[in-house]
Amino acid sequence: MKNTATLLISCPDQRGLVAAIANFLYTYDANIIHADQHQDIDQGLFLMRVEWDLSDFKLPIDAFPAAFQPIADRFTMYWRLKLSQNRSRMAIFVSKYDHCLEDLLYRFKSGELQCEIPLIISNHEDTRRMVEFHGIPFHHIEMTRENKVDAEARQLALLTEHGVDLIVLARYMQVLSADFVRRFPQQIINIHHSFLPAFDGAKPYHRAHTRGVKLIGATGHYVTEVLDDGPIIEQGVIRISHRDSVDDLIQKGRDLEKAVLARSVRWHLEHRILEYGNKTVIFD
Amino acid sequence: MKNTATLLISCPDQRGLVAAIANFLYTYDANIIHADQHQDIDQGLFLMRVEWDLSDFKLPIDAFPAAFQPIADRFTMYWRLKLSQNRSRMAIFVSKYDHCLEDLLYRFKSGELQCEIPLIISNHEDTRRMVEFHGIPFHHIEMTRENKVDAEARQLALLTEHGVDLIVLARYMQVLSADFVRRFPQQIINIHHSFLPAFDGAKPYHRAHTRGVKLIGATGHYVTEVLDDGPIIEQGVIRISHRDSVDDLIQKGRDLEKAVLARSVRWHLEHRILEYGNKTVIFD
Amino acid sequence: MKNTATLLISCPDQRGLVAAIANFLYTYDANIIHADQHQDIDQGLFLMRVEWDLSDFKLPIDAFPAAFQPIADRFTMYWRLKLSQNRSRMAIFVSKYDHCLEDLLYRFKSGELQCEIPLIISNHEDTRRMVEFHGIPFHHIEMTRENKVDAEARQLALLTEHGVDLIVLARYMQVLSADFVRRFPQQIINIHHSFLPAFDGAKPYHRAHTRGVKLIGATGHYVTEVLDDGPIIEQGVIRISHRDSVDDLIQKGRDLEKAVLARSVRWHLEHRILEYGNKTVIFD
Amino acid sequence: MKNTATLLISCPDQRGLVAAIANFLYTYDANIIHADQHQDIDQGLFLMRVEWDLSDFKLPIDAFPAAFQPIADRFTMYWRLKLSQNRSRMAIFVSKYDHCLEDLLYRFKSGELQCEIPLIISNHEDTRRMVEFHGIPFHHIEMTRENKVDAEARQLALLTEHGVDLIVLARYMQVLSADFVRRFPQQIINIHHSFLPAFDGAKPYHRAHTRGVKLIGATGHYVTEVLDDGPIIEQGVIRISHRDSVDDLIQKGRDLEKAVLARSVRWHLEHRILEYGNKTVIFD
């Protein structure tokens, strides 16, 4: 199991930035494993991700914030530091469609997703047996129009109790309340079954079929208060033809949804995503 | 140069359809080269394309309509017959962006597009030299808000004079009047630089950049009176990243537009497209 | 559950073929659902797949062979008839790598793969728990250089006992003996983790990494006596970069292997594949 | 027209590398536009590309080598410096197939390829008219088995006279002598019409058709003395089916060859490629 720190930075683009960061890390003998940066010329913005080995880093990691803050102040940086050994605690919300859930659980089991999964929440019982086969606690919280406020309160209590810092909506089929969303900024990932912004909202495969498109898509994105409008993390498409019925689109789309959601989640867990404005930079 | 006939049929799905058509063709010793069919189960529709060699077909092709009509009547068929030796007469409309035009001209020269190109019309002079290098008449018709009715009348006169039966808008950047469009049903192909229905209308690359999508697309479609809403013939996408500026999208998109438009035009010229409702079947 | 018959035909291309087949089916009131045909002009070969509803087909299906044989004789046809209700009986062979196995089991459970899975055979115990969770009998048959003849005999006994007519090698990592292969012509599907014919044989990801390719691939193919040389059913590729280590290739490749193998198996189960020479026609 | 310097570096991976380079550039007030780096953990190798604006760089660019060499020595760097205003001088070698040539010329004309094209050399007259339309000198040098040594000598004389530093083989169809190749290390780019290492050598489309592959590919690579074995720059594939004849493969392949070659050439011209071993890093 690796033992690294990842620093994510965004700030106004200025000369001397890279030198200052590189010198800081070199001072403490950081063995840099990956470094990637991006300059948005139009917006005058600098974004960076740097990951280094902690095994022989000479600054105790607890002392990092105090030591780094002067540089952050000098360049007006937004920054966050993530340690590979502090794994994200991910909850999965699921409805009856279980393909994305199964896919995530397989990737979790095989070590592809570096996280803990303290619980899975569903408004249906259908996936309980499979979740429990993987040894993960399953919580059934019924969700109706009438009980939505209560049900979300119960969800929140569970999430808080388990220290969850990432919620993945694996075809959850329920719209979260604005209040719920506000509590988890850039911490909720949804898979939408279209290439956004086309076919946002309900029944995208049916609408794609009606419109006669030649490609269908899927989009992994952070959830914001506006439905299907949050920062896009990843998208994919596959070719369809006139031979494909709506059911065929749904079947073909499943593979796409799984792949796009898995990449979105993995990049989040590996701290490869920086948001700016309503967009994302992916440091892959 | 091949000498074939292609029959396109659509009608309510019924038993005995294929037998009736196959028997008819066999009666006259047709040597079938390609046959393809599609059943839309939901709509109870049957669509077919069959192409055969005319060199030893025993029915004089002029006599085909009278001979085939009884079968067409029996099954309430819409049908059309196309001969490879009656090549389509294609006009290209272009503005200043010349990448699709150059691409089409290269494919024409190399024999990939089986058609005549009696003329090219532009509202700018920029592409004249290149068009004339290919030995094709170039017509400059200025187009302003004020002269639009007149200018379209001049275009129509030229199209009629040259017997044009296909108009390709190769990044023409002008909206055709509804009256103009009505004269060429399923005879005008446009390339739109987005994956419709996303980013229909103006400046799709700019809007794609603003939205932060991870794929950009292009759509070849028939032009109808509603802007960017006609039957889709072909679509493609390519991956972009945060590193791509709007100019990069425009550059990457050029290759996509060329490829998608070329396929759309080729399928039309080879009589591989059947429209139904607002959709297309592509018999490739 | 649908109740259809699928007829697969290959024969020398001749006039009157389609008429003869269509007339035969029409005689018994066949309601054709899909029909697709292909002519290989170079080889003078005709290949066809036609699927029809049996619910109101007027010929008892047991009487089909006798009724159809005169047509088959007239045109020197190779043909086979498959009924949707006689599901294939598929065995899966697996080693320690379980991603393809899990993927196939999920698709089986969700109804995407129309077959029975009477047993799964592995030379390791690793996947037993997961297989048994799905309620499928798991057989562990150790396989060493020394016991190979015996072990294959035990496999064969099980396959015979369970009436298996399709064997899927889901990253089985063992080479089958020529004798074993000969007993299952076009009935063994393997997934090879490269775009054949590149990197046939052992360790394709390592060799792809060493060669510095920019795409890696996977190939689903029928197994013949020559290693990695059988008729190709399906292939896919994904983009890699210099950032990807061999382990990254292996991880990215897993998704590709799953998708390519699943399509290969599905097409086989739906009787969409016709082999000719060392190639396949896929009637999708 | 931009005025930048691009520094490409490869050396053993060591701590302090990035700090040393960043400090050096900051000392002279470099306004960094792009920076990208890669560490090959297995080989302990560090590779970097950094591009900065020269308009307010405080070190005269002529003085760069002397100023930078101490850092290069300290870290045992291989490095090269490229100025955007010293454009590459590219010769194109072509045979009768003109699709890649036309594509490159269009991209050159439209400003996508930042280079000079002082001459085009062909062993056939076919492309002369088109080349001269673009205002580029065309040299016809016949090439036979008998005159190969002489013909290459004439080519070399022209390349030397025009200061050529990049040769693009745009479907040239002739094998260069080892002696010729040795004079232009990493300066000759070829497009091979297969996904190497599959189908290296002659007639790859015919062999792909015979093998029955489901994808065809193209590979842009540097030419070395071993045929089709040099470092791969870029690859692409497209899907084919049983419906495609060899001629269809050739036609579909043309679009792929154009796209893959154009990307390979553009990355070279923008100094985005670093070779190591027999592989490339692409800093896109």
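What to note about this one:
As written, the chain order gives the labels A, B, C and D, with residue 1 at the start of each chain.
Going forward, a contact is a pair of C-beta atoms (placed from the backbone, for glycine too) under 8 Å apart; a residue touches a chain by one contact, two chains touch by 3 or more.
According to UniProt, the chain labels map to these proteins: A, B, C, D = Formyltetrahydrofolate deformylase.
Quick caveat: nothing in here was measured; it's all calculated off a predicted structure.
Touching chain A and chain C together: B, D.
The interface holding more C-beta pairs in contact, when B-C is weighed against C-D, is C-D. Both chain A and chain B derive from one sequence, and where they touch, over half of the residue numbers involved are common to the two copies. Among the other chains, the CA centroid farthest from that of chain D is the one of C.
In whole angstrom, the spacing between the mean C-alpha positions of chain B and chain C is 37. Averaging C-alpha coordinates per chain places the centre of chain C 42 Å away from that of chain D. The set of chain A residues that touch two or more partner chains comprises 41, 243.
Across the complex, chain B is touched by residues 15-16, 18-19, 22-23, 25-26, 29-37, 39, 41 of chain C. Of all the residues in chain B, the ones that touch chain A in their complex are 38, 40-42, 195-199, 211-215, 217, 231-237, 241-243, 245, 277-282. Of all residues in chain B, those touching chain D in their complex are 99, 102, 106, 110, 112, 133, 243, 251, 255, 259, 262, 284.
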